[in-house]
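Chain nomenclature is as follows: A, B, C and D, assigned in order of appearance, with residue numbering initiated at 1 for each chain independently.
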Amino acid sequence: MWENFTFPNMKQLSYNLLQKGTHGADINKYFDYGIMSLIFINIGALILESIPEFQQQYSLLFQAIEYFSIIIFTLEYVMRIYIADMTHPASNNWKSAFLFIFSFYGMVDLLSILPFYLPLIIPIDLRFLRILRLFRFLRVLKLNRYTHSVDLIFQVISEKKNELYMTCFLTIMILVIASFLMFYAEGHHQPEAFPNILAAFWWAVATLTTVGYGDVYPITGLGKFISGMIAIIGIGLVALPTGLISAGFMEKIHKEKKQNKTGSKHTCPHCGKDFHEHS
Amino acid sequence: MWENFTFPNMKQLSYNLLQKGTHGADINKYFDYGIMSLIFINIGALILESIPEFQQQYSLLFQAIEYFSIIIFTLEYVMRIYIADMTHPASNNWKSAFLFIFSFYGMVDLLSILPFYLPLIIPIDLRFLRILRLFRFLRVLKLNRYTHSVDLIFQVISEKKNELYMTCFLTIMILVIASFLMFYAEGHHQPEAFPNILAAFWWAVATLTTVGYGDVYPITGLGKFISGMIAIIGIGLVALPTGLISAGFMEKIHKEKKQNKTGSKHTCPHCGKDFHEHS
Amino acid sequence: MWENFTFPNMKQLSYNLLQKGTHGADINKYFDYGIMSLIFINIGALILESIPEFQQQYSLLFQAIEYFSIIIFTLEYVMRIYIADMTHPASNNWKSAFLFIFSFYGMVDLLSILPFYLPLIIPIDLRFLRILRLFRFLRVLKLNRYTHSVDLIFQVISEKKNELYMTCFLTIMILVIASFLMFYAEGHHQPEAFPNILAAFWWAVATLTTVGYGDVYPITGLGKFISGMIAIIGIGLVALPTGLISAGFMEKIHKEKKQNKTGSKHTCPHCGKDFHEHS
Amino acid sequence: MWENFTFPNMKQLSYNLLQKGTHGADINKYFDYGIMSLIFINIGALILESIPEFQQQYSLLFQAIEYFSIIIFTLEYVMRIYIADMTHPASNNWKSAFLFIFSFYGMVDLLSILPFYLPLIIPIDLRFLRILRLFRFLRVLKLNRYTHSVDLIFQVISEKKNELYMTCFLTIMILVIASFLMFYAEGHHQPEAFPNILAAFWWAVATLTTVGYGDVYPITGLGKFISGMIAIIGIGLVALPTGLISAGFMEKIHKEKKQNKTGSKHTCPHCGKDFHEHS
């Protein structure tokens, strides 16, 4: 009887903690903030670890952060499997757990803890593993507060996918043409800066994206003319994806609004007459 | 009797000067221009004071500007407390004054004069205070001419808050991943430019934002490839916040328009009944 | 009788040439292309004249271009005064001419020829005059083909004026704050690069606008952090005016569409009932 | 009888392969991916060929790629002429073939194979031909998957043509004015960096587009002020085309939606009559 009474409660508590529950949403909010802080501490640690002085002086702190994070993330992962029957309803608990583990966000969770457990099973080079810990970043995408935003951004990008591919392709086309022109214009005057078209390609990318490091730049009149044209085209090229994505966001917002007020837009709720459908 | 007669007039005059009154809006316009000029003179003085030659030669002028500004801003602050019962109606004048002082714009006003009066009460280092005078900047936000624009901009940004956070997070994620890749690609070839991942992070920021100072740049083929990818991704990353904010402004403008023509949109043109509110 | 017959014809012909007439629109199109070519040749000449070798070798050509341009522009100006009664109808021809001369586009025309005639009246330094010839640029704004576009762009900018001012102000605020922070962070480490806040301001502008010449850049950790923050804020700052102008263009296009179909949107052209106004 | 039976089938098969047929759309998808891969391999080969070491070591591979590509593209071209009666219906097959060959996409196809066959007919310098192979790029525009996106992007750009021309013109105007100002401000202080206005123009382009290579930059106070102004104006200038193109995409999407639901928007819901067309 004790078990019958407590277990549903614990499951509910876990659910409220991990998902945006009906009541007790606050607990989930603080949990989200906690996870987010942990992720940013992890990233900071990853970066600082690469500085030898830090690594030597604070190696214990770095290890503490690593162990603490892995405990939290593992606990969370286990809890999510435990409440899988609530988040991924299926005919039985095993199927629910299976559904969760192989869901996109389930894989994200797994990838963020796997790099720690992997060397316990099979021996791998540790340096390679350090990069894998970057997967922990993906956990931010799962934060309840941001799932709507993440979905919106990815939906807009995926809807405009083909147009964005075309923009990418146009960019590559312009880069290649610019590289060819530049190579023939400057190749003889600056053989060390533009020894081949691949080198000119590096200049073209730096110019079109307006980065302009200043390690390679044209010195002849023709080269400067090509460079100026490419830089100005670069401005136009920024306009294309920006315009596409602006339009995409507008579309999405419009659609959401229309879905929210279906009915009120097509029929009068009082006389019941259809406004638009009839015709 | 003299007091009874004059005081309301003076209050009305103060109100017309400080707020966009019903009549005498012109007086407020000139007051606004005056305050704006004063702010820009203050900023100019703050910058020029940091040049030793200027500081020595014109120290008297800088002090005159400072004293004049503080008198004007203090007078304004006192007047705003005086007319608080008109701008922040409450059960009594003390409550109104209190409401004004602790309102957002009341705090802005206080912060722009406090750095002058603070050392008279408690001794603080003067250099630190000079920076605090930058708070005077915030007074521009209060100019009647621009309150609508300020509100619009901040509303749009705050509505798209979550999406902008996500964009920031994506930016950080790309920066960190790029730093890791760059460190492993160039770290051995340019140990002085990329001694650790933090140094690579500095390169990543300069590249993704297309600043490209030219103090660090890749020299290996792989490094140049990563750099080019990051620069191109940078263009896409500019598109995200721009698209979000464009859509936000469009939404706000649409909403304002709809609010202006309520009625025509909220009632059935045939049975005349309101339908939006009830459905 | 000969005069009675020819003169109206010549006026009509002039009108068709200079304005987009009802018939003979083609003649105006070619005239527009001619004027545009002339303007671009003038600009090219202005730039090339500054190169001593060119100036010496082709001085005759430059003079020919100048005289030819001035003849064309003067002829056009006289013709526009001549047809002023058709473009600027008034009670008499003198008033029409007066209206044209003091109209915005009339002043543009005058400014583009005045620098040539001015030294004939009062002696002025010639170098200063060369710059004044840049006013000829403004003639492009008058080309019939582009007046709609010019109006659209300037209307959108002027409608979003206050918001754009606020963006400018925010930009200046960020620049000033960044300059202060940078001066205190790097001033002691690079006294030659950041001797005062004005010098730091130069760095701030180059960073926020992502130009990044590379003549000044931070070397300390704190300085690099501030620099990175400013560069990322710079991306967000680009988003504000872009979003505003996008929304402005959308609004303008919507309005134009609505004006084109007034009536059809508010009343049914067959049963005559008002759709929206009634309620 | 054998011919009667097989030929229509082969034509249908070719059609399904090259165009998005009614059934068998999958075959066309894989064909599209194949062509795209081939184009990118071609571009890669073109770039790598310019590096002497690669050219010597892998000349056989480069030649193999070239011959393979030319066979595929020629075969495709022949097949497209063969099925021209289905894609370009005309009174007879010759006319269809003629229509296809002189259509825009027909010319694209021809240009991508011509550089190979040309030297067999008339002897031309081979280096020049290598650039002509870049025409093969244009084949991407023909991929069925992307024709809609390509059309959308080009339609939006062509609809906003005049406004974009004006933006270009404004850009040139600002560049020229900035060059003049900069030349007079810095010409005497840095005669080697700003020897004439054309050199100042190069600086202006690098600054306005925010490329900022760092080969020329102002050193005087006035020069830095002008430079800062131009860089900030550059940000505004990016906003114009971006805003225009955003609005253009929005318009296009709106139009497409309206076309999809014609009827519901063009008839009065009460009397049922069409009202848009007649009014």
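Assume a residue touches a chain if its C-beta (ideal position, glycine included) is under 8 Å from a C-beta of that chain, and two chains touch if they have at least 3 such contacts.
Labels paired with UniProt names: A, B, C, D = Potassium voltage gated channel, Shab-related subfamily, member 2.
Fair warning: this is a prediction, and the values are worked out from it, not measured in the lab.
By number of C-beta pairs in contact, A-D leads over the other of A-C and A-D.
Between chain B and chain C, the superposing rotation on Cα atoms measures out at 90°, rounded to the nearest 5. Homomeric contact chain C/chain D: same residue numbering on both sides for under half of the interface positions. Distance between chain centres (mean CA atoms), chain A to chain D: 29 Å. Here the spacing of chain A and chain C, counted between their Cα centres, is 41 Å. Residues of chain D found to touch two or more other chains are 198, 210-214, 238, 242-244, 246-247, 250, 268, 270. Those residues of chain A that touch chain C in the shared complex are 210, 212-214, 242-243, 246. Residues of chain C that touch chain D in their complex: 43, 46-48, 50-52, 131, 134, 137, 140, 145-146, 148-150, 152-153, 156, 164, 168, 171, 198, 202, 205-206, 209-215, 237-238, 241-242, 244-250, 253, 261, 263-264, 268-271, 273. Of all residues in chain A, those touching chain D in their complex are 162-163, 165-167, 169, 172-173, 176-177, 179-180, 183-184, 195-198, 201, 207, 210-214, 217, 221, 224, 227-228, 231-232, 234-236, 238-240, 242-244, 246-247, 250-251, 273-279.
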